[in-house]
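Pasting the structures here.
There are two complexes below, and they share subunit A, which is joined by subunit B in the first and by subunit C in the second.
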Partner chain A sequence: MSSKKLVTDGRPARNKEGKAREHAPFLFLLPALLVVFAVLIFPIIFSLIVSTFDWPLSEGAGARRFVGLGNYIGLTKDPEFWNSLKLQLGFIFVAIPLELLLGFAAALLLNREFFGARLVRSLLLLPVFFLPILSGMTWRFMLQPRYGPLNALLLKLGAPEITWLGNPVTAYIAIIIQDIWRMWPFMFMLLYAGLTAIPQEMIEAAEIDGAGFWKKLRSVIIPLLTPTILTAILLRIIDALRVFSEVYVMTEGGPGTSTMLFSLYTHRQAFGYQKVGMASSMAIFLLILSIVFALTLVRKNMSLDVLEEKAGG
Partner chain B sequence: MKKRTRTILTSTIIAIVAFLVLIIELYPIGITIVNGFRRDIIILSGQPFKLSQLTTRSYELVLKNPGFQLGMKNSIIIGLLSTGISVLIGAMASYGIARFRFGWRNSLAYSFLVFRMLPQISLVIALYLMFTNLGIRDTVGGITLAHTSFNVPYVIWLLLPFFTAVDKAYEEAAMVDGASRMGVFFRIFLPIVAPGLVVAAVFAFLNSWNEFLYALILTGVKAKTAPIAINGLIGGETLTWGQVCAAGTLMLVPVFIFTLGMQKFLIRGITAGGVKG
Partner chain C sequence: MKKALFMLLLAVAMVGMVSAQTINVLFWDDAYPRTLMERIPEFEKATGIKVNFEILQPPQVFTKTSVAVGKDKTDYDLVCVDEGNIPLFASLMLPYDQWAPGKVFKKVDPSTVTPAMLDVAQWDGKLIGLPINGNLYVWMTRKDLIENPKYKAEFKAQYGYDLGVPQTLQQMLDMGTYFYKNGIVSGGFGPFNGGPAGVFGEAIFMWESFGTHFIDYVNGKPKLVVDKAKAVQGMEFYKKLMAISPKGAETMAHVERQAAFCADPKGVFTQFIWPAQIASYEDPDKSLAAGKIVYSAPPSGPAGRFAIRGTWAVNIPLASKNKDAAAEFVYWWASKDIATWLVEKNTVPARTDALTNPKFAASKPWLAAIADSMKYAAARPRFKEVAQVQDIVKKYWIMGITGQMPTADAMQKIMDETQDVLKKAGY
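For the complex of A and B:
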């Protein structure tokens, strides 16, 4: 990467075709750059601009007023904003560790051959690919009073019926359960792949040294899996920060604002309260947060170099 | 001998536990599929395992529902269009990154990766205002464009490992014969990486197929997609779970066919670029 001049295949471009070649990567990248500019970079710049305006959604340009950082300051004084941020962080801090724990346990359990092991491992992944809106819909059904299967089960066990989605606390628990249900197999999938990549000799060596299950786990498996675990957590955080559709379908943020996660509240600010400027400042806030996590992930993994080492180039 | 018996016993116990976990885990999906064939009155009777009087009536109703018909049609068109565009544009960009060395190569590649991870809610408000101004809100073209915003960066990173794994010798030979870079890319390189393109196309299609937030905000009546139509079926206090579940099951068909058919590529598929190698 030291030379600014274009080099193809490790050799300097030949003079004869030099000119045509110098434009080559640009030609290949141009369409993607145009798309990225039109639907990613421009909207981000536009959001930044809108976030400095008092911008009512459905009124004309005349109603817009420049307020500088007013929207951002307004956010810090908005209890609903703090509420959504709190709910969002709680969601992340409760759901992801539990997903990790379940996924890790399942990966350890299923990291051996038994009758039907392959089938179990593949079918377990189906919830990850279940459409988010269907997940929200299914859980809404499961948790219905009177006829929802979960309540039917609770009643059979002699427990009292719970109006899951009608009560602020249980509704919040419910959207977290929904996420855990859908995403722990994702953790399982990554950790299982990591586990199978651990050289068998290392585990056998520990066994020869007389290490029991917990010792093996602590001194061999967990240290070797740490990079995978960190990657999995980062991927899940980035994903959980933008949770919208499943919760929207399940509770629409209610009852009250008890499940109004960050993107649901942003949505309500823009299209419910019609405060587009305010909503844009929330959008920018979430954007920055996401970029921080995404950059951490990218820096940590640096996949491009790994790819080249693998390809021998 | 004793050790052998113990191993078999452990395996059996683990198999039983594993299948139990699997059954519980898949129950919500199972009940969705089953509800599509149950009469609403049975669904509302609260007997989650009762399987009598199965019927295809919910499917008939939902398939005759003009809103759902339109949503399905739009979802398929938008999915195919955005997949086609994203795979073409993404493959070109991926090739540019895989085969050329230039100063801003790393930063560019990593920016694409970061772009893939941006939350949609952060972009959708600006897109709504832009699309309203351009008059492309609630059009198939508009929502397709919105879907390319996540699919192009996604495809670029999904394809990179396929592309870097191809030996440069084929292209070099063709270039020596006087073919242009573009010619080499389209005629020599793309056929070689066809399997990778198929994987990218399948996952890009699923991304578009499953997408909800953009469709919710950027479409309304004409260009609404199937997930929006299903959301409409759930509505306030509706009790037509049978139809909702039938519609959901129809949406699940391509998802599960592709997921189970693409086992080998699943990790690459959902983490594209986010995981080493």
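For the complex of A and C:
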């Protein structure tokens, strides 16, 4: 009966079916889209709206006042905002390259089989599993002038005690070292996985052509590993842009404001000064900064043809 | 029969409803509320009110209160507010005179609170909640050090007066310098610079001691009234104290100060303490200094003696649906019976009758010092934008006392940037 109807009245039925087919993907995507909207798009839109208000946190929504771009203009005039941005970028541009170097060197070194290799590779990953807040606390106590093991070692070596977290320069260095210690194994993990995926024949071919270690590294390994390297850098930048708890417990942004990273200052604006609108405008700024980083790196990362050409050359 | 059964069920349901009343309470984390927790089951049994309590570090209490307590809704029926934050939350809290009378426990008469503490919960001429602890600077000096015959003789020979509990800042500097030279490395002043509120307390203490207020209320508005010359003197003096203080004092918070005082075999000569922490310092399992501490009021500066206050008030949010039950809990907590028991447990409530109870005079030597300090209680300035000012003071105070910036320049920066904050806030 129905097939007959389909034959006699084929065109409308096909249209109906076609429409259903057209809509089906959207229906299947709808739950995921709703989730993305709820946890990603809505908060961004909400933050954007909040950023246009002078909104004292403790007084609630009733006390808010529309200020348009006032918060953004206020930020540009706030020296602490620029200071925190400078510190945040410095943190990223110092910590991440060093983590990359360490991770890459360890990956090259451990990309071979020897007795206990698996155990060594697994143990190297341990710092990544540390909760950032615990890492920060541990480092804080380790760097204590009087009771910290680092100063005890220095004293035994005849060096003077150093107030690591009391000096603006050493405190900034300390938070960077803490991050490097905790996150370089993350770089190692990704780069090691990338290295194992490089076809062995290509390395052997290079060796037959007489390439030494550095030549192989420059002409084969790095070009083939570039997508992995860029992915690792991108993931670390995203992570480093929102670094908070470990620095908060180590220095609380001090001494003075010498380690007041962007995320700490955003927190201070929201929960210290109770300026939710200002904090939201900082969050939007951070979002734009993240997008710039991501677009730059993803665009490079996705140019696989170029990379393959490079590797082939 | 059916009617009787119905009545019975109704009665059971009503009892169930009453006994199921629950209040959510937000505590700050230190020995005092933790001690109180031991007795909460008794309160629950006596009233049928269940107490859900959350305990957080003071900065997190502030954050949580900011987020969870609003004009129209609240996650908590009772919150503890640090005195500096009363201006921010006052409009969200039920004034104490509107708290209901207690059903099981009698409403606490505010006059039972020590006068020095009562001011903590006052805002805009109203009492916003009830001060609940007696926290203000008290001085600790190591008895075994100042009674050591060798130290006593040497000090007298060098400085011409007796070694003892420092009565003035100058004496504290002299004695601290003497101990520092004698290898008691952490001897001297133990500054408290861990966070903005701590630094602000230290700065206000020194400025008051050297004869200047920082901010006063003039015509109902906060106004910068600091005398720069006197403030710089205070900062310069603190810089000298830093030289005899433990390494890294500029980064020390409570945990490091406690470690220095309690765990260092050589000991710390003298430092201030919040009475709320005395229980830890006097616990022989945690402290090498337990039983060796003399308590006193803070040493005086050229302008007099000042004890910075840092007390908590308990407040009921206007939006709470369990105001009566929350009030009942406070009446129990602030009752004479519980306050006396809290003193017995080495904590410090705000009730005068508990703090001055003669039965504790011999066993709790700090109580007399607290009572003495209360005569000199000084508050940190309070206004809505105080967090911004605290950050400014923290930044330049640390730069000044550690020599990263000349003290006069640091003070000028503090004044200029504070003025800017006050101006932007419309004062």
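Quick note on the criterion: the second predicted complex is superposed on the first by the 245 of 313 C-alpha atoms of A that agree within 3 Å, B and C clash if a C-alpha of one lies under 4 Å from a C-alpha of the other, contacts with A are read in each partner's own complex, and residues count from 1 in each chain.
Going forward, a residue touches a chain if its C-beta (ideal position, glycine included) is under 8 Å from a C-beta of that chain, and two chains touch if they have at least 3 such contacts.
Bear in mind the structure is a predicted one, so any value in this text is a computation, not a measurement.
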Contacts for A:F271 in the overlay, against subunit B (first) and subunit C (second): which applies, first, second, both or neither? both
Looking at the overlay, does A:L154 come into contact with subunit B only (first), subunit C only (second), both, or neither? neither
On the A-aligned overlay, A:L98 touches which partner chain: subunit B = first, subunit C = second, or both, or neither? neither
Does the superposition put A:I229 against subunit B (first), subunit C (second), both, or neither? neither
Between subunit B (first) and subunit C (second), which, if any, makes contact with A:S290: first, second, both or neither? first
Looking at subunit A, does subunit B or subunit C touch a larger number of its residues? B
Output check: A:I173 vs subunit B and subunit C. Expected answer is one of first, second, both, neither. What do you get? neither
Looking at the overlay, does A:T251 come into contact with subunit B only (first), subunit C only (second), both, or neither? second
In the overlay, answer first, second, both or neither for which of subunit B and subunit C A:I203 touches. neither
Quick one: classify A:W139 as touching subunit B (first), subunit C (second), both or neither. first
Residues on subunit A lying within both footprints (that of subunit B and that of subunit C): 146-147, 271
Considering only the defined contacts, which subunit B positions touch subunit A in the complex? 11-12, 14-15, 17-19, 21-22, 25-29, 31-32, 35, 43-48, 88-90, 92-93, 95-97, 99-103, 105-106, 108-110, 112-115, 117-123, 125-130, 145-146, 148-149, 152-153, 156-157, 160-161, 164-165, 168, 172, 180-182, 185, 206, 209-210, 212-213, 216-217, 227, 230-231, 234, 241, 244-245, 248, 251-252, 255-256, 259-260, 263, 266-267, 270-271, 273-277
Subunit A residues touching subunit B - in the complex, by the definition given at the top: 1, 3-4, 6-10, 20-21, 24-29, 31-33, 35-36, 38-40, 42-44, 46-47, 50, 106, 109-110, 112-117, 120, 122-135, 137-142, 146-149, 151-153, 181, 185-186, 189-190, 193, 227, 231, 234-235, 238, 241-242, 244-245, 248-249, 262-263, 266-267, 270-271, 276, 279-280, 283-284, 286-287, 290-291, 293-295, 297-298, 301, 303-304, 306-308, 310-311, 313
Across the complex, what residues on subunit C touch subunit A? 62-63, 65-67, 69-72, 88-89, 91-92, 185-186, 194-196, 246-251, 256, 259-260, 263-264, 384-385, 387-388, 391, 394-396, 398-399, 402, 404
Name, in rising order, each residue of subunit A that touches subunit C in their complex. 56-60, 62, 144-147, 161, 163-166, 168, 251-252, 254-257, 268, 271-274
